[in-house]
Each structure stands twice: as structure tokens, then as C-alpha cells.
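The data blocks that follow each hold one structure.
One chain, chain A, appears in both complexes that follow, with chain B as partner in the first and chain C in the second.
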Partner chain A sequence: MKEKKERTLWNDGAKTVAASLLSILMGVVFGGLLLLLAALLLNNIPLSSAWEGFRIVLGGIFNTGRDYDRGSAITFGFNARLLGDMLFRGTPLIMTGLSVALAYKTGLFNIGAPGQYLMGTAASLMVALGMDTSVVPAPLVWLLAFCAAILAGALWGCIPGLFKAHLNVNEVITSIMTNWIAANLVTMLFDGSRFINNVDYGKTGYCLKTSSNGVATAKLGLDFGGSSANAGILIAVAFAVVTYVVINKTVFGYELRSCGSNKNAARYAGMNEKRNIVLSMAIAGGLSAAGAALYFLQGDVEFYWHTSMSLPATGFNGIPVALLASCSPIGCVFSGLFMAYLTISGSQLSNLTAYNEYIADIIVAVIVYLSAFTLFFKSLMDRKKAGKAGTPKSEPAPAAPAAETVGKEAQP
Partner chain B sequence: MTFLLQQTVIYTVPLLLVALAGVFAERSGIINLALEGIMIIGAFAGAWFVRSMQVGGWNENLAQLLLLAAMLVTAAAGTLFSMLLSFSAVKMKADQTIGGTALNLLAPAVVLFLVNITFQQNTLNLRYDAPSWFMLFQTDFGFSRQTELGLVGDLLLNKTYLTTYIGILIYVVLSVILYKTRFGLRLRACGEHPQAADSVGINVYKMRHLGTAISGALAGVGGFIYSLTTSNGAANGDVAGFGFLALAVMIFGNWKPLNIAIVGTLFGLLKCISACSGTLDINGDGVYLLSQIGVSTYVYNMLPYVITLVVLAFTSKKSRAPKAEGIPYDKGQR
Partner chain C sequence: MAENYVVEMLNITKVFPGIVANDNITLQLRRGEIHALLGENGAGKSTLMSVLFGLYQPEKGEIHMDGKRVDIRNPNDANALHIGMVHQHFKLVECFTVLDNIILGVEPNKLGFLQKKEARKKVVELSERYGLMVDPDALVEDITVGMQQRTEILKMLYRENEILIFDEPTAVLTPQEIHELMQIMKNLAAEGKSILFITHKLNEIMEVSDRCSVLRKGKYIGTVDIKDTTKEELSRMMVGRDVKFAVDKSPAQPGEAVLKVRGLTVPSKSHHNNAVKDVSFEVRRGEIVCIAGIDGNGQTEFVYALSGLEKASGGSIELCGKDVSRATIRQRSQAGMSHIPEDRHKHGLVLDFSLEDNLVLQRYMDAPYQKGGFIQREPIRAYAEELIEKFDIRSGQGPVTRVRSMSGGNQQKAIIAREVDLNADLLVAVQPTRGLDVGAIEYIHSQIVAQRDLGKAVLLVSLELDEVMNLSDRILVMYEGEIVGELDPKTTTVEELGLYMAGAKRNTGRKEAAAS
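Let's turn to the complex of A and B:
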């Protein structure tokens, strides 16, 4: 009996992965079709570039540009710079993905990641640029900036958590409000401040780089090929591992998951479900904000502070990262890197062809859309299996457990 | 003062339409987080249509007809796009929050992809200036340029858009339909207690599809009106969070059209102040009072969201949110 239960669990995990892969496959195929359609309809794009574009989307970081000696064909191979850039771009995505995933385990949909990310950005930049590195050593400033970001994000995440726990207001609604409050608040904080870059003429709306104050994440030799990669990716992976351990191996994590599966049952079992909801949102906020800090403390990225009209895409992209990983923290590392891979495909596409980088965003959006169908895909797989096994109706046993796996949580 | 009120009306009309769009979806039981995305699609479809007609040689004397046609086109575009949401939420019984988020990601990506690939830039502009084509002046209503119309007359008949009148008309008509007709009652029933609705023979799935479709049409038109009247009809895959502001209006207005009209006007005023506080001369004495107070424009931008949060904090117990919103209807679970 126990053996059988383990097998169904494993099957469920495999099916979840298969469903995610199916979403990715369909998203990429959709993107390819769109490229083809654009080539067919528009005169300025030859049909051959649709095939080129599709190969670039698939090739991603293994793209080595055009070889002009061989009729300017697109070439593929090992590209150290793009690999490093993928690691760097993936860093904040892993963190926002972890943020969404952790909240989801507690039954909360953290659409507030963009706001938390912005608060983290503002806090880390203000500390990193505002502290005098001739008085305080730069590594210490880095650490303080990182901690300030986490604190700011945690506080920002707390708000929807408190509303949810004590007033039973849907966290999605409050998160949307706090997102836009953050967007305006951050712009207001930077407006007219001394952190704005007025040195380079012709560039407005950007903050100073933290490297101008000597604060930058250690490279640890990861910046191969002139890429932006640094120790941040290691920190992000460490966060993923810690999150995995906390969720799956500790009492606190068990309480969070219990709240996620059934709030009332958790309370009945003596857990403080209100405290757990607030804590979960606070940790989620801290994770998003830490992602922002890891991105901007790299040293050479500039923050566009005039953000009152838009929210950072990295925050929203935490949702697809978490969904693709079925909210598994370790999975977030891979799906975060995959999203970064797609982003790089997009920028290569606009560098090398008449297409533009937005195709990557379209593919991501399609994947998110399809990932909501995970349950449907799974039941489809079950039906197929049942059909293979013989008469589907007379065999309720294999179908029943699959119907129970609502949500993507592993069973406690 | 007149300028302030005129601008407020310009911001309020699309805000109300999009908030009503939210009401129609939520009252039928579907959470429509995709309002922002649908607005973006509507603005894009409208810009595309008007531009192609202008390039095709549309007679400027028939500009108002073009505007009407554009409203129909944007409604159709919004409906089509919103069907992605109803397909996912009703047919596939998927998570509506995720579906809405996906559409919000999809809309700007699609618009920017298309605009970039055809025009090699991020913004799709109309061929001719939107105010010069579409704005109505008092001379259009038969008054001479010298006639003083007074505050109300100025507000109603000078520097307005046809879309304003139609928008208000649509708002009133649809609000009445929602509350005073059999269809409206059935739609609301599906958002409150779909099982009960089904038990008396109402097709819940159909009602939810319809509610989302109406929502899409309204949000599409709202997006077009917004871009036409505030940013010269340009489409750049962004409506600056206006869809989410409409969501805040809907929540603060407690899902009721009359309350929403009041809240929408208030938020429209705030939006207007934030947009033009530096150049706003309220009583016409040459003193820019609002910019002299020295409150940052971002504060006015932020206020609607802060107010909504505070209101939520105090009225959460009395919330009239549709009971069954966000829950996929399953016939088996009576």
C-alpha cells in the first residue's frame, strides 16, 4: 500500500513537470507561428528570417551572432558572455519566483511582487549610494543595503498580509494597491534626490550606479566573457535551498503549507493561521526585495527611477517562474534561468533580425496563460492512461488521486 | 475652473466605463484582473483603425463618424481579447487571477511586437492630431465663437469629445440593464449563487461568457477613449495603470454603479490634478495654486490607491463583493 502511494506521488510530480513542459512547448510553438505569420504578412521581413528567428529563440544563449564569411548565416556555439548574462538576469527572477512560490504554498497569490521589488530597489540603492564608503567599508555597505532591501520588502509584503489575516480582504486587491503606491512612492523618493545621475548628459531619469560609490557584488570570477554575472546567482541559489528546507523540513514550513491547504483545519489543529499568513507575505516580500538588491547592487546597472507609470516586469515575471516550477523552490532556479534564457533570446532576436524582443514577452505570457490549465493537462494525461489500460469507467482507482491533487502542493 | 472640470470629465469617463466593465465581469462571477490588458488592446485597435482610415483618405468632415466606427472596432477587439479570459475561466475552470495576469502580460507584448515590427518604433501615432480631428467646440453646436456659455455650457458644449456623451450614455443604459431587466438579474444571480441560478434554468456558463464579453467591450472602448482624449490617440502598449485604478474605483464603489460614478469622479479629479497640477489655474487669477502648495504630483497619483486601502480596512465586513466571484462553476457541486 505504501509503495503504491509513493508511486502515485511520483507520478503526480512527473505529470506536473510534463504539464509545465507542455506549456513551454506550446508557448514556443506559438511564438514561432507568430514569427512565420509576420514574415508572411509583412514585406520588409523575408520568409527565411522567420526560420532564422525561430532558431534564435530556441538557441538563446548559444547564439554566436552572424558569420559574415558564410553568407551572414546565424551561428551557434558556446557563448560565455550570454551564459553569464543569463545567470545575472536569472538572479532576480529566481528570487521573485521564490517569493510567489512561498506565498502560494500558504494559499496566497503574491501579485505584489513588483511593488516589493521596487521597495527593495529603492532601499538598497539609497543605502548603497547614501553611505560614505570612506567611513564604512564597502562590503559592509553592501551587506547593509542588502538587509535594508529585505526589510523594506518585508514591510511592504506585510500590508497585504495584515489585511488578509485580520480583515479577510483578498490579498490580490491589496497587492495591486500597494504596487501602485510603491511605484509612486519610489519615484517621489528619488525625485530631486542626490542619487540621480546628472553626470552623463543626454540620460535622464536614471539613478547613479552603485559602483560610483564603490559598492558592487563580488564577481568571484563569474564574469566570464565580459558578462555581468556575479556572486548574486550563488546567493539566489542558496536562498532557494534555504526556502526548500524551511518549507519542507521545518515545523514552520509545515504550518505554512497547512494554512495553504486548509486554513480552518490549520486553526483547529492549534496553528496561529493569522500569524502564518502575515509572516508568509513578509518573507515573500523580503525575497522579492532581495532579488532587486542582488540585481542593482551588481554595481553597473542603472535604475530608471521615474517609474510612477509602470511596474517592473521582473516582479510580475516571478509569477510565471513560480507557476512553471509548480511552486517548488528548487524548480524556481531552473524556471528563473529559463525565463532569463528567453529574455536573452529576445534581445538577440532584435539585434540580429528585423523582429523585436517582445516575442519573448509574448511567449512568456502564453506560458502563464497555459500554466493555469495544468490541472486540465494532468487530467488529460490521466484519461489517456486510463484509455490505454482498458475501459476507463470501470477503473476509478487511478483517476481518483489525480482529482484530489488540487493546487500544486506536494502532500505533507 | 472650467479647464479643471473639463479635464476631470476627460479622465472620469474612461475610468467609469472600465470600472463598469469590472462590475459586469465580477457580477457574473469572473474576476477580471485583465482590465488593464484589455484597455491596452482597445487603445491599440482604435489607433490602428483610425490611422488606417486616415491614411486611406477618410474625409475629415466625417471625423465623428470615424470616431463612432472606431468605438465599435475597439469594443469588438476588447470582446475578442476578453474571450481568452472567459475561455480559461469558464471552459477550462482555470484560476482567474492567473488568467487575468497572463492577459495583462500578453497585451503589451503583442501590441509592442506589432507596432515595432511594422513601424520600427514603440508608439503608434494617429496620422493627424486627435484634438484637431475629433474635438468638438461650441461652434460645432451652432454657437458663435464670442458667445459666453457659462460654466455648465462650457463644460457640456466646448472642447468635448463625442466619446464623452456616448460614454455617459452607455454607462447609464448598462447600469439600468444590470438592475432593472431580467437579463441583469440573471447575470447578478450567477455571481452571487450560481447553483441557485442554475436550479431555475439559467445557463451559468453562458451568463459568465456574456458578462466577460460585455466587460471586454467596455474596457476596450474605455482604453480607446483614454488614449484618444489624454494621449492624442497614441498606442504604446501602456495605459499607466489606469485599468488597475478602475479596479480600485470598482472596489471602493462596492460593485454598485451609482457609488462607482461618485468614486470615479473623485478619482478622475485626483488623476487630473496629478496630470496637470503644474499648469492648473483654478480660479483664473494667474496663480498656480496647486503647484504653489508644493505637494508632489505623485501624492495625487498615490491617493486613490491609499484611499481604497483605507476604505477596505474599514468596510471589509460590509463588503458587497459578489459571493461567487473567482470560483469556477461546477455543475456537479450543487
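Let's turn to the complex of A and C:
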């Protein structure tokens, strides 16, 4: 019996991985078709670019640019710098993914991640730039900036949480509103601040880099040929592990999952579901904001704060990161890095070929979109098996419906 | 073929992970008969019917209709073969009229324009022919459950179905409506329709069926002619042993009061009146007090206020000498209240959790199930295995089974195991046997009596008259939010109880005595 159970579990896991790979492959193939279509329709893109583009998308971070000694052919191989950049770009995506995943476990849809991320950005930059490093040691400033970001994000997350818990206002609506409040608030704060970058001529709305104040995340040897990578990725992975442990192994996580899965039963069992909703949103906000801090405290990143531009894509991208990972915290590490991988493939595409960044973005979006078909492919596999074995068609999940429950789960 | 069978399901085997739902089952339905399919919860009745209706494909076995083999891959195939099904939970569009629901999917039209006139004529004709009285223009959300069921039956007739499957049709009906349904089923059979009737209520089978096939734990036990059998024999076939219909219990020996309710008043959510009005009573150690009444007379609101799910607007609740009127749900449970809720899916279980996680739902915060804020898997598993053993909870994969996949009876056993094992001074059981078969009912009743004999106070809220009469030591009748009478089950009759429940009689003298 036990052996059988394990085999079923393994089959299930293997199927999930296979379905994920299949959907990613579909995405890449479809992206290739789009490349071909663009090359055929647009005059400025030669047909040969389509093939090059397809290889760049396929090769991702493993391309080493053009070799001008060999007729400017695109070459592939290990590219430490791109790998490092992927780790760096992936760091905030992992964090926003964790944010969305954690809230989802409590039955909440945290579309407020961009606003929380933005509040984290503002708080971390203000502390990192505002504290004089000749008085306070720079590592301490870094730590304070990081903590300030988490606090700001937690505050921003707990507002929709409070509304949801006490007034039963849908968190999606309040989150979207707090997003825009954050966007305007941050713009206003920076417009009136003394952190405006006047060093580089001709730029407006840019913030100083934190390295100008000597604050930057430690590299800890994670240099990767001069890439932006730093210890932030380690912190993000640590957060993922901690989130996993909290959700799956602690009493608090048990309560969160109970509230998310059946609010009424959780309440009936004496859990304080209001407190759990608020806490879950606050922690989610803290995670998003920590992602922002890990990104901007790198030291050499510029923050551009114009309102209409300032709801950060990294925040929204937390949603696909979490969903690609089926809201598993550990999975968020991989899906976050995968998103970063695609982003870098996209920028390589616009750097090395005639495709512009917009086409590159569309390709990336298509791949992400099709990757979300994982569940669909998985149910397709189940169904195919069902054709032979006779598992119910209406039930994609390979559960074990004991005879009588089928079709009458909602007893009055 | 010697006999004229309209449907034959031959040697059907259907396997789900961890469980054989149907093991080599053969079922033969004659034309124009009412054929009951009897079995406990989890015996495989619904699975078998789902196979016939095309929802599942069997691993082994064949289905024949009129002697010819047929292949039913989905409900559309079943429809084409004139097989119709009334599900236990109706599949109706609430905001549509009865007529719209009946023609849904087979709308008569000319060039895409609805032709409701003909449809209405046909529906009215059908409802008159079979005595299915229902207003075709009423919205489904406005009509009673009984009428909704008639709408479902009309849906099958409108589609000219010859084989009608009724999946536990009486579970949701009042006694009056059940009586009407029985008559309708007889009319249908008389007109040549063949009926498969899934149930675990023996009285109904005896009243209406011609033959009955019995399943037990996925296996076929046998088919009997109803005129040659008795209730006792059927229940023995179903459960595999003799079942006692009366509850075996000694006279109550009440001790001191555990629960004292004084003037409890609860506002209603649906109207301006109070749902519970000035209710006062006591429950003592070693007795089972039952609140009887027709559904919707304030019992649900009363229990919500008692357990702390909703706030009362007046009165007090005293539990084991402590005033808990303002206490939270957790505080009340710690003060000595355990609670088997009315709605096991809404309040009782987290369906997507494992069985073990559900079994510790009231205990996860106590040692040894947690240490330093961390859930301790080993003690939880051991505790779950202990309860599963002790309360005979059956599931596909033991402690890690997803509760959603368990049968209703075993889900209820899990709740009872969890609540009884809390060892609280007061056990509140609301409709603890709703939708369960006789075997499970017998078991749950014996558990409740055992709790009483251990010196616990038991407050039972039930709509089933048999349960009220059999189980309780004292009956309080609730009518329109008030306790209108206190009765002794030993000296009262079902008829008298019925008069109190209908509000035709009250003994206010005793009520005041209890309140003072």
C-alpha cells in the first residue's frame, strides 16, 4: 500500500515537471513562429534574423554575443555575466512571487504587490540615501534600509488586509487603490526630496544610486564576471525556505491554510480568521517590499519615479511567478529565475538582432502565457490516461473519490 | 434472454485510487418497474449510476439496453439512449423560470427564435398527465425544494426519457413532499417508465419499489422482490449484520447543570423579528436534551449564538459555572463545549486538508501536536491513526486521505471522532445523522448515548422525529424562535410532538418554570 502511494506521488510529480517542460517548449516554438512572422511582415528585419532570434531565445543566457571574426555569427557558450544578471533580476521576482503565493495560501489575491514593492523602494532608498555613512557605518545603513522597506511594505499590505477582515471589502479592489496611492505618494515624496540625480545631465525624475552614499549589497564572491549579482539572491532563497517552513510546518501556517481553504471551518474551530487575514497581507507586503530593497540596494540601479510609469512590472510579475510555481514557495525560486531568464533572453534579442524591444517583450509574454498552461497539459495527460483507465473526465485532479462522494460534494 | 430487461449493467467494475468502488456488479432493470438500489454511504451506488449516466467509464463490464450492447461515454450519450437522472443536488438555473429550465439545452426554435408556446403546451400536458403540479412561469429560486424536484422530473419527461434515475430524491424533502413524490413515481411506472431509485431509507423502499438490489462496500449482495422481504432483511443485507432500529439506552441519571441558557435572544438576518426569542433552559450532566422543531424555526441561529459563531442580542449563557455570553469560540471550546455542526462541509471540515489535519482542527495548538509554534507531524499522525481505529473511519489512504474524497458517512465520523475525543463537558450535536445510512446512524446514536453515560451533558438539535423520540431524555420544542413546550419522550406521542412543532399547542406554564 505504502509503496503504491509513493509511486502515485512520484508519478504526479514527474507529470507536473513534464507538463511544465512541455508548456515551456510550446511557448518557445510559438515565440519562434512569431519571430518568423515579424521577419516576414517587417521590412527592416531580414529573414535570417528570425533564425538567429529563435536561437537566442532558445539559448537564453548561454549566448556569448556575435563573433566578428567568424562573419559576425551568434555564438553560444557559458556566459557568466548573463548568468549573474539572471540571478540579480530574479531576486525581486522571487520575492514578489513569494508575496503573492503566501497570500494565496490564505485565500487572498495579492494584486497589491506593485504598490508594496514601490513603498519598499521608497523606504529603502530614503534610508540608504538619507543616512550619512560617515556617521553610521554603511552595512548598518543597508540593514536599516532593508528593515524600513519591509515595514513600509507590511504597512501597505495590511491596509487591504484590515479592510478585508473587518469590513469584508474585496482585497483586489483595495489593493488596486493602494497601488495607485503608493504611485502618487512616492512620486510626490521624491519630487520634493533632495535625492534627485543631477549628476547625469539631461535626466529628470531619476533618483541617486545608493552607491553614491556608499551603500551597496555585499557581493559575497557572487561576481560572475562583473555582473550585478550579489548576496541578494541568497537572501531571497533563504526567504523562500523560511516561507515554505512557515506555511507548511508551523501552527501559524496551519491556521493560514485553514483560513484560506475553508474560512468558516477555521472560524468554527476557534481560529481568529480576521487576525490571520491581516497578518497574511502584512507579511505578503513585507516580502514584496524586501524584494524592492534587494533590487535597489544593489547600489548601481537607478529608480525612475514618474507616476504614470511607476507601478513596477516586478510587482505584477509576482503573480505569474507564483502561479507558475503553483504557489509553492520553493517553486517560486525557480519560476522567478525562469522569468528573469526570459527577460534577459528578450534583451539579448533586441541587443543582437534587428528585433526591437517591443517584439522581444511580446515574445517573452507569449512564453510566460503558454507556460501557465502547465495545469492544462497536466489534466490533458490525466485525461489521456483516463481514456485507458477510466478516470472521470469531469475531475482533472487525480484524487481518490470514494464511491459516494462523487457529484454530491455540496451537501445542503 | 428469458426476461425482458430494458437496461442491464453486467459485471461492472470501477476502480478509484485506493478503493474498488464497484466490484463486478450486475444490475438488471425491467421495463415499468421501480427498482431500488440500496446501500450504505460509500457502498458504490452513486458510482454505479454515474457509470450508467456516462460520467465514469468502467474498467470492466458491459451495459446492454434492450439486449443490445451500448457504449455510454458521456451524459449526452445517455440522453440519446433516453436515460435521465435527477441528481441529489438539483442542476437548475435559479434565476430562470421553470419552463426555461425544462427546455434548457433542447430549446424549440424556428430560425433561432424561441418557440415557447409549443414547449409550454407540452410541459402543461406532461405535468397534468403525471400529477406533477408546478407553475411553469415561476422562478426556480422562488419555489419550494419539492417543486424544484418536480421541475427536474419534468425535464426528464420533456426529453422523453424512458429510464429515470433518482439519486436520493427524498433527502431534501419534507414528509408531505416525500409522500407526493412516491405517488408521482408510481404514476410514472404505471405509464411504462422504468425507474432506478437510489436510497438508504428502508421505509420508502418498502412503500414504493417492486424490487431492490443491495450493494455493500462495492460488492453486489443480491436482488430481492419487495413483496417477499422485510425491512430487517434489507438492512441486514445492506449492513451485513442485524441493525437495531431502536436506540439501546438505560434511563438517564441527570446530575448538576452544565449549560444554563437564560433569556437568549438572537436577531434574524433575513427579517426584522428576532430569530430566537427569550430562550431559557438547562442541560444537566448525564442527560440528552433535544431541541425539536421544523426546519427554520430558529434552531440554526440558536446554535450559532450558543457556539459563538454569531452574537446574541440579549440573555446569557453559562457553561460549567462560567458566564461565556461574551466569550470567543475558542474560549467556549476551552470552557468545555464541543460541537458537531449542522453543515459538515461548511463548518465541520476543511475538505482539501488531509484527514489527520482535520482531526486535529480543535487541538493543533496544544502539546504534543505543536512545539514552539511548529506542527509536530509524528504525534498528529499517531493521534489520527488512533482515532481512525477507534471510530472506524474508512478512507482510501488513511490519515493522508483528502477529506473531500471520503464518503459523507465517514466525513461525519471524522467530525464525531474529533469532537467526542475533546472530552468536553457539553456536546452540542446538530443534525448529527443527516444524510447517513442506518448503519452509520446506529453507530452515531450509540456514541451519543455513550457520552451521556460518561456523565456529559448532551444537547441534540434534530429535525428527524424518530431521532428525537428515540434518543432524547427530554424534548424542548422550538417554534418561531420560542421554546413552546417541554415533553418527556416516554409519555408523549409523535402526534403530540407534531402538534407542538406545528405551533398548534404549547405548555407555557413549564416554560416559565424553567425560565425562573
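To be clear about the criterion, the second predicted complex is superposed on the first by the 339 of 412 C-alpha atoms of A that agree within 3 Å, B and C clash if a C-alpha of one lies under 4 Å from a C-alpha of the other, contacts with A are read in each partner's own complex, and residues count from 1 in each chain.
Quick note on the criterion: a contact is a pair of C-beta atoms (placed from the backbone, for glycine too) under 8 Å apart; a residue touches a chain by one contact, two chains touch by 3 or more.
These numbers were taken from a predicted model, which means no experiment stands behind them.
Colleague: Which partner chains sit in contact with A:Trp180 here, chain B, chain C, both or neither? Use first/second/both/neither.
Modeller: Once the two structures are laid over each other on A, A:Trp180 reaches chain B alone.
Colleague: Regarding the shared-chain residue A:Phe376, is it in contact with chain B (first), chain C (second), both, or neither?
Modeller: first
Colleague: Going by the contact rule set out at the top, does A:Val241 touch chain B (first), chain C (second), both, or neither?
Modeller: Neither partner.
Colleague: Going by the contact rule set out at the top, does A:Tyr268 touch chain B (first), chain C (second), both, or neither?
Modeller: It touches chain C, and chain B stays clear.
Colleague: Output check: A:Leu323 vs chain B and chain C. Expected answer is one of first, second, both, neither. What do you get?
Modeller: So A:Leu323 only meets chain B here.
Colleague: Quick check on the superposed pair: does A:Ile359 touch chain B, chain C, both, or neither? Answer first, second, both or neither.
Modeller: first
Colleague: Over in the complex, which chain B residues touch chain A? Could you list them?
Modeller: Counting only chain B, the residues touching chain A are 31, 33, 84, 88, 92-95, 97-99, 101-106, 108-110, 112-113, 116-118, 238, 240-241, 244-245, 247-248, 251, 296, 298-299, 301-302, 305-306, 308-309, 312-313, 316-317, 319.
Colleague: Of all residues in chain C, which touch chain A in the complex?
Modeller: Residue list for chain C touching chain A: 14-19, 21-22, 41-47, 50, 55-59, 74, 87-89, 167, 172, 218, 307, 309, 328-330, 333, 339, 341, 343-353, 357, 361-362, 364-365, 370, 373-375, 394-397, 400-402, 404-410, 434-435.
Colleague: Given the complex with chain C, which residues does chain A contribute to the contact?
Modeller: Its residues touching chain C are 5, 8, 249-254, 257-258, 261-262, 264-272, 386, 389-390, 392-394, 398-412.
Colleague: Would you tell me which residues of chain A are touching chain B in their complex?
Modeller: Within the complex, chain A contacts chain B at residues 34, 38, 42, 45, 109, 111, 159, 163, 167-169, 172-174, 176-181, 183-185, 187-188, 191, 308-311, 316, 319-320, 323, 354-356, 358-359, 361-362, 364-366, 368-369, 371-373, 375-376.
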